[in-house]
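Going in written order, the chains are labelled A, B and C, and every chain counts its residues from 1.
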Amino acid sequence: MSRPGFVLEVDDRTPPLVVHEGLGFRLEDFPPGTRVIYPPESLPAIDDVDAAIREALLNPVDADPLPTKLFAGMRLTIAFDDISLPLPPMRAPDIRQRIIEAVLTMAADAGVDDVKIIAANALHRRMTPAELKQIVGERVFRSFHPQGDLYNHDAEDRDDLLHIGMTDKGEDVEINRRAAESDLLVYVNVNLVAMDGGHKSVPIGLASYKSLRQHHNPATMVASHSFMDHTKSHLHHSAWRMGRLLKDHLDIFQIETTLNNDVFGAPYDFLLKREWEWSVRDQASMLAVRRGLGAAPRRLRHKLFHDLRSPYGLTGINAGDTEAVHERTIAMVHRQQLTEVQGQTDVLVMGVPYLGPYNVNSSMNPILATCMGLGYYFNSYRGQPVVRRGGAVILYHPLDEGFNQLHHPSYVDFYEEILAESTDPAVIAEKYEQQFATDPWYVHLYRTSHAYHGVHPFYMWYWAAHAMDHVEEVIWVGADRRVAQRLGFRAASTLSDALEMASGAVGTSPTISYLHNPPHLIADVR
Amino acid sequence: MMLALQMYRSLPRHLAGRAVGDRLPGILSGYAAPLRLVTIEEPTVERPGWARLRTRLSGVCGSDLGALSGRTSRYFSGLVSMPFVPGHEVVADLLDDCEDLAAGTRVVIDPVLACAARGVEPCEACDDGLTNRCSRVTVGHLSPGLQTGFCADTGGGWGETLTAHRSQLHPVPEGLSDEQAILVEPIACAVHTALRARVEDNARVLVSGAGSVGLLTTMALRSLTPAGEITVVAKYAHQRELALQLGATEVVSPDEVLRRLRRSTGAFAVLPEHSAPYLLGGVDIAVDAVGSKGSLETALNTTRAGGRVVLSGMPAAADLSAAWFRELQVIGSYSSARREPGDRSAFDIATELVTGDVVAQLAKGVASYPLHRWREALDHAHGAGRLGSIKVAFDPSRKG
Amino acid sequence: MRKWAQEGLEDVRRVADGWRWGRRSQVPRSAEPFVPARQSTVFHTDWARTRAAQVAREVAQKGALEPLFRSQVRTSVEGLDVLAGLEGPVIFAANHASHLDTPLILLSLPTRWRRRTAVAAAADYFFDTWWRAVGSSIVFNTFPIERRGGTMATTPGEVLADGWSLVIFPEGTRSPDGFVGRFQFGAAYLATQHQVPVIPIAHRGTFAAMPRGQGWPSPGRRRLTVRFGEPLRPGSDESPREFAPRIRDAVAALLDEDRSTWWEARRRAADGATHDPAGPDTAQWRRVWEQTATVPAPEAGPRRAWPD
């Protein structure tokens, strides 16, 4: 039986609480009265996953059973979510592997020969063969990858993009040509958080830069309140318009899955428990892990964390028509992640963990950390932000991981060159976005190496823009002061220092909320 | 008799300096420096055209430090005569009348000991006014020595008195402080470098290094050439400020330089195995104003094909693959000439440039030491960039 | 390295503080509504029946428990001959008046039996904290049972099946006044289920020596008596509900016998006139008064040379 999420009010009986900060975590004593928002406990998982997959494929929502759509001589394309989901990566077998295997089994039975499997990585970096294999499994990989039938989508490959048309708002819809010209496009999704899935899958995951920039721009992204609520996100509205247009041109069979909150396996499972319920064993593991991390050099800590694989359980799988499926998916995501919160507070505290969508097997550079805190987590609300307008956000992260030159070459330049000049998203967009987006070197690295697209750091910054606009003060606890300064923020060494620094904006006795995250949660602020 | 610092031959010290000088600069100002404070006979004047000078201020140059640490190529060992009193950046007062200059005149000297000073028939280069290219620096009535401060007979600025030939003397205009005047020689070199670079209109230039050579070269490039963007590589914050004031378009740190130039020139980067990354494409002209392997390779690796790399510092051995593969023009720039393009002497141009506001401000950063505190002075000179001094100089008249 | 160790110490200190080491952990007030209904703590006691634990127990019982016990009370044990013809396992069912009951019974058993006997103990009391659980498991070989029903880590059936005899107090709790309370069906259920004999045990004097609420036997080396009865074998189709009263009757008869003589007790039992072990329906103080009377020295047997 899993308990619902709830809001703890810190009192004298509350033990120190875990706050994640990069490649580690700390125990923090919050001032009495602090609200701590806990996600619901992990929902029970489906025992027979294969049966659930079969059931979903044979009895789809608002669509014909998958086998009836498969016939000899057809062009079948299977697209799947890339390595940015789920976080951390799933313990093998990945749910995408099991679904793709089920789809391929049906396709083989129907005599389909022309099958391509495409990672819908949009402007994300190309995945390495090993990473592809981890997601689709050895069997699929061996059958498709050597012939080049399993590959990463390329948003800059003019030959493999097809302009479908314009939405009624004049937005270009341009996606992967192979996918667009298929008789059937099966999209295999992992709906880790509420912003994923729905029409974000095909129209964004398989889009070209030209199509992406229609909604990935500061105007749209600052106005998306929030990304975690597709009914209120301008970005999602745009994607939905595109999806509806695409639907008229292309048969899309959407498969969406939801996972429970089993993010950490033993011996890190104490991180999933509510602290006051820690057993002696949990306390001992916590102490041991803290000491272990304290003794380990950063490279080793990085490896320890990035080698973590989560024992996620499947909580739901739905297939069929995109919108009908997504509605069910969102309901399940909300069941797992939604916690009701009464009213806003002056200060929002969040711990930025070691991993976000864009640094799997890579490093959490300062821009990604900002996006993780002010983009991903800050936007994890429904209704209104947890912190009031003009309040303060306190984030925990050392901001000391530096940049991965292989994965984030344009991030370094963004940080050194652009942030040195301005941190204002509008100014940055105006002056530099096109330069970075069209820089042939970045394009080259994106297409042939494993680099995020040149424009990607801009999206990270735009994403955080809503938060920067909303709050008065952003303070990083335990961060490198110079880095925080470059980002346009301030750094404090302890929570009390940070609160002191924030007092200019929120007074000396502010109300405080701490988002106890991960595992992921959405604050439903009433 | 006079007090002077003297460089002498000492193989152990030379080797020690060479072995560890890079890593432990402190050792140079300690045991390893083949330098000593001595009381010696004052140099005497025996020929017409020569005069004695009393040093007011004499700078410590990068090449001096190189010589003391044994990092200088053995190539130059044939061009000096031991033991000598170093110091080729000199402001001094004339002790004797010298042709048209009266005793007491304050002068700076052009250190090159060319045909005129050596009393030989002018060689081809001297005839053209390109005195720095003189081919007679080892002969004539002086001991070998490419410049004052490397010759056993003339003395140098790091002693109380020295001798110089009329052809070397440039009177200092009224109103210039000694600290400004001491910068005339380095500025003349920077002028020479800037003119050697033959900068085309709007050319993109990289200056690698923001010590005194780099900063003054930046100033010369901005003042004398039609350069477009000038990117300066600087390690320290105050250098950054100065570079911008002296005309740099942007200032980057050494670890950023390749990425920044790649971005701003739209070049492609190549990441070779076990070697430094480089650009295909890049700046039109790069100036190495440090003379280290790293700095020279930065210059070579970020210059576009067919571009120009100017060696302003005394160069270290470096990988020249880029020069071959990218067909770069590698241009040396040594000292300064009495007739630069435009038919003026580099010293004349430098004397004009030195009156600028920024140079006046720079001159305030000149740190002077008495001779007996030479270890401190050399130590300071080694850390000049970090310590925020543009130039370290000796003032032999100071006693404390 | 020093810094690392200091941080470690600091962490330990904070955890000890935050999680109230040595005291009860607390739930923040606002989290109280979300505390799940308390599940019985599943405490694994299998280790307590391993070879190593048996050795430790032998040392604890013979080396510490027995000398201590004998120094505080005197005992007389009757009826052990019933065990002579028996092979284990059996269920020892006794009345329950004091924490002295368990050591009294265990230390009365012949060594061969004592080493193969486990004690059923209330999970909510003895297995409430780890130190009490570990302590009682080592010294008394206890394993947890649920008084109120619920899940158990190790079922008594498994312990029986492994060849261990059990001590069960069918009353389920210590008597408040020394008289016998209602017998629950646990012992009867186990006996019928696993078809093992039940040996009734009656003892007197433990309430007088150390009643509920007292942490140490009263001074004066009180006399305790314990009497083992003939084994009762459940019929093959006898239900626990039928069997349980037989156990209680047997215990009652033994108590009667202990108070009077074997012959008188048998006669009364035959007449169905055995004193109800639940005691007279009188005021509470009289019940306690009666139970705290000193148990007289046994009259039967050879005269003692030196009265004690």
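Keep in mind that, in the parts below, contacts are C-beta pairs under 8 Å (C-beta built on N, C-alpha and C of every residue); 3 or more make two chains touch, one makes a residue touch a chain.
These figures come from a predicted structure and were not determined experimentally.
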Going only between touching chains, how few steps reach chain C from chain B?
2
Work out per-chain C-alpha centres and flag the one nearest the whole-protein C-alpha centre.
A
Could you please state the distance in Å, as a whole number, between where the Cα atoms of chain B are centred and where those of chain C are centred?
99
With chain centres defined as C-alpha means, what is the inter-centre distance between chain A and chain B in Å?
56
From the mean C-alpha coordinate of chain A to that of chain C, what's the distance rounded to whole Å?
59
Give the residues of chain B that touch two or more other chains, as numbers and ranges in rising order.
none
Show me the residue ranges of chain A that touch chain B in the complex, using the header's touch definition.
409, 412-413, 416-417, 435, 439-441, 444
In their complex, what parts of chain A are in touch with chain C?
1, 3-4, 6-11, 13-16, 27, 274-278, 280, 283, 286-287, 290-291, 294-295
Per the contact definition, I'd like the list of chain C residues that touch chain A in the complex.
4, 7-8, 11-12, 14-15, 18-19, 25-31, 33-34, 36, 130
In the complex, go through chain B and note every residue touching chain A.
252, 256, 259-260, 262-263, 266-269
